[in-house]
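Pasting in a structure now, in structure tokens, and then I'll have a few things to ask.
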Amino acid sequence: MSAMTFLGPVVLLLLVLGFVTIAILFERKVLGWMQGRVGPVQVGPWGLLQTVADVLKLLLKEDIIPGKADRILFKIAPVIAFVPAFAVLAVIPYTDRIVFADIGVGLLYFIAISSITTIGILVGGWSSNNKYALLGAMRSAAQMISYEIPLVMSVVGVIMAAGSLNLTEIVKAQESLWFILPQLIGFVVFFVASLAELNRTPFDLPEAESELVAGYHVEYTGFRFAFFMLAEYVYVFAMAGLTTVLYLGGWNPLFGWTFLPPIVWFAAKFLLIVFILFWIRATLPRIRLDQLMQLGWKVLLPLALVNIFLSALFKEVSGIGNFF
Amino acid sequence: MMGLLKGMGVTLKTMSKKKVTYQYPDEPVGMPDRFRGVQHFDPEKCIVCNQCVRVCPTDCITLTGRKHPDPGKRGKIIDTYDINFEICILCDLCTEVCPTEAVVMTNHFELAAYSRDDLFKNMEWLHENNTEIRSENNVNAKR
Amino acid sequence: MTDRERNGQRDRGERENPTPKEAGNREKDAGEAKTKAAAAAKAKAAAAGKAKAAGAKRPSPRKKKKEEPLEPSPKQPLLDQYVQTVTEKVGKETVEESYINRPNGHLPSMVIKNDRWAETARLLREEESFAFDYLQNLSGVDYEEHMEVVYHLYSMKHRQGLCIRVKTDREGASVPSVTEIWPAAGWNEREVYDLLGIDFPGHSDLRRILMPDDWVGHPLRKDYEPYDREV
Amino acid sequence: MIRTEEMLLNVGPQHPSTHGVFRLLVKIDGEKITEAEPVIGYLHRGTEKLAEDLTYTQIIPYTDRMDYLSAMTNNYTIVHAAETLMEVEIPERAEFLRVIVMELNRIASHLVWFGTYLLDLGAVSPFLYAFREREEILDLFNELCGARITYNYMRVGGVKWDAPEGWIDKVKALADKMKEKTEEYDRLVSGNEIFINRTRGIGGYSADDALAYGLSGVNLRAAGVKWDLRKDRPYSIYNRFQFDVPVGETGDLEDKYRCRMEEIRQSIRILDQAVEHFPEAGPVMAKVGRVIRVPAGEAYTQIESPRGELGCYLVSRGKDKPYRLKFRRPSFNNLQILPKLLKGENVANLVAILGGIDIVLGEVDA
């Protein structure tokens, strides 16, 4: 029991919060650049303190609870949404040494815990006693439950290839070849499903601004709203981390460039994923609910199953079997 | 799928292009000469013909005049001239009818104020608003 | 006698030698007529000046017009045919007046008797030679001594427009609704009801549309007292 | 047993996708709309009433504020009505200037539609791209008449300002630039599978329905009725220009989108021709008195605004003020079909269908 065991998570929390502030700024900057704008520039040099100012504003704002809302659930919902988003970070191996909980069923833990967030959103939407919030919450529940399945199915291929649910083991199995190549179908399914899990464009139906105003968090203000936002961005952090670990070889260097420390490699891949998320947000329109369901059940799930089947098949083929 | 990727290409390309936004309050935005901004009023030129008051679609101009103090001269001189910028729509009709170009447009457009009373501009204020005056004014009258 | 009535009579009087025109030539002819009309603009302006002098309630008819005989309108035969068909199918005295609105691109216009309007409207929509399937505009006018609802119809099949006017009294103003025939009339009739207070029996949902539900009075009536005189 | 009940959802008057103060009462069963009732009038300013106490020149700035996305066409509708009754001849140069500004305004208006529509569908960037190009058009207007939205440019008998030095060249340059930009929009949106999925086959109606409900403009053409007033009832000098009228087939949202985008291209074509044949010099104002008196009579004039048939029914009694002025506002008429279109649709299609109609609330409520 070193001090690291206790300090580590605290440091991580701060790091993650730091990431979130930067990520929001980064997202706004990227969106701005892609739209011919400059993004935030007013607060701090290069707009660096913009998010800090926003968060401060949110903390100072009046905390409004609608009169007809279910007060207890209304208060607890942001916490339910946020805690799992943060808890899943524990199992992600940033390098071979920086990992907080190297548990055997890391991947399973990640997926299991992350689905709790749905409950938070559902509770938040329901307890607000607002029709838009309710619709958003219902959409969110339907969407997240539907996409959990292809998400899990798509990683089965990776688990088969690595022979382990431990995320560190999975990264180590990718030393020669990243799973993105042999598990390409799996990666596509995983990526699309994770977009939907994150409620990000083009799957941002629960908070579809132009339809549901703000969806499940329409009645939230101040720091409770901040918690939902935080959960969303921490989740982005976690999902980008998981994608890196599962398919992009984690901290493994490319072209054998070991002169860069592993953490840099991890960060680079991770940022690439985050950038793609923002890039997609800048480009694509929103998908419709029934089409979303069709995509999930009729396209992604069969694809994921085919992927499992093919992975199993190729594993037995000599020569390339090593990679699967 | 190709359609999606093409679209992503467009946004990516735009990322490196020149930004088109103005840094407005930091850098002033220049307006073309014909811009219809807050009026400038020159009491010297005004002949109190009341045309601007009559043509104003929102009735935002009020003026009073009195007899010329010099008994040798005919006509009137202006006493008060107020424009209520709460309702002025800067439609340019007053400057269009003014036969002497006593009321003309300037390029100023910053009218924001903390109080409604501040939007009620009198003759002195309008007279002092004398920079960036538009060069062509009552084009239709000249014709 | 109003200007409009005069126009109508004049055109009716001139139909002894109507120029036969092909439907395809209509536009071109209309263009020619326009230039001619433009030449006469000066004379008209003078007439308008007189009209102003006459002041009072109605402008006096343009006296000068009578002196220079106008060419018969290319649309006159068409209008005659319309009037004839309506009279035949709906009954005598259905058409109170008919005239060609010359400045308005020779638009054939008819004034239809109020109590025959519902029937006439159906005829205009369904009869093959009319086939007015497009209600372009519906407006109400308060003429102080009476009210009018004006319909501008268009037939996509024949590529021809028509203006219909239906008069009604100011007291208890009412014109049969045409929403069944042209659903487009729905909101327009509501608007006329809202702003002018004309009732449209047969309209399924005649409520105020632009003004608040509890508004008193009908603003576009000429005798309307503004809620707040200062504004 | 599960008890289900219909939910009454109040969309607007404050809602991001109603494009103004527009209220829509929808009854929904799950996410399916069973009934929709539009409520309008929140922006009613009584333009028609006000006009009865204003001279013709004074009405022009008021028309700016009806359809504020295409104020030039609104300017034109009132001056056109007055000119029709006055039978004045407009100088050549003024006619060209009018056509140029109206077409520029059509492009600007369609750009706003393009941007906001994609925003309704959840894509953010096209909005900014469309406004980037619209900005250049507005700058041109600013240079021409000193305002960016409320132009007050046209006068009975002509236009207020002649084109400033080099302005026509700038229009030419802009037209060329817009050609590239429409390609860019195509790449960004037209082929996008999500976009196609969200628009194809949604909110369609037959040509007969469109006519019966008095739709006009793109809403009518998308259903397959070739009806463009610039071609069918030519006004100004539109009969001198070569351009096509794009029509759709099913009236669904995709057809509307394609019609509007094609119209931008056709407007660019008109601009090209207008710039090429722009008269060297000449007056921009006909000889009409300083006080405009319209001869007694009535006229219904119609022009093709970006949203459809913008009509003006003018009853004059020879005074300097109209006796009765009625604007046939295309948005108002087009909006009527909305309850019919929404019935049985998904909530997510609600904003898509509403956006597809392309309403401007200033015009709906006048």
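For this structure, a couple of remarks:
A, B, C and D label the chains in the order they appear, each numbered from 1.
Note that in this section a contact is a pair of C-beta atoms (placed from the backbone, for glycine too) under 8 Å apart; a residue touches a chain by one contact, two chains touch by 3 or more.
None of the values given here were measured: they were computed from a predicted structure.
At the centre of the protein atoms shown, by the Cα-centroid criterion, sits D. In terms of C-beta pairs in contact, C-D outnumbers the other of A-B and C-D. When each chain is reduced to the average of its Cα atoms, A sits farthest from chain B. In terms of their C-alpha centroids, the spacing between chain A and chain C amounts to 66 Å.
Averaged C-alpha coordinates give centres for chain A and chain B that are 53 Å from one another.
Computed centre separation for the pair chain C/chain D is 26 angstrom, with centres defined by C-alpha atoms. Centroids built from CA atoms put chain C at 42 Å from chain B. Taken residue by residue, chain A touches two or more other chains at 34-37, 282-284, whereas all remaining positions touch fewer.
Shown for chain D are the residues that touch two or more other chains, namely 125, 129, 132, 188, 192, 194-195. Residue positions of chain B touching 2 or more other chains: 4, 7, 10-11, 14, 20.
The part of chain B that touches chain D in the complex is made up of residues 1-4, 6-7, 9-11, 14, 20, 31-36, 55-57, 89-93, 96, 105, 134, 139-140, 143.
Within the complex formed with chain A, the residues of chain D that make contact are 7, 9-10, 15-17, 31, 118-125, 128-129, 132, 188, 192, 194-195, 197-198, 346-351. By the touch rule above, chain D contacts chain B in their complex via residues 54-55, 57-62, 64, 125, 129, 132, 135, 142-147, 150, 152, 155, 160-162, 164, 184, 187-196, 283, 285. Only residues 40-41, 44, 46, 48-49, 84-89, 208, 211-214, 216, 225, 227, 232-234, 289, 293-302, 309, 311, 313, 315, 317-319, 323-324, 326, 328, 332-333, 335-336, 365-366 of chain D touch chain C when the two sit together in their complex. For chain B in complex with chain A, the touching residues are 4, 7-8, 10-12, 14-21, 23.
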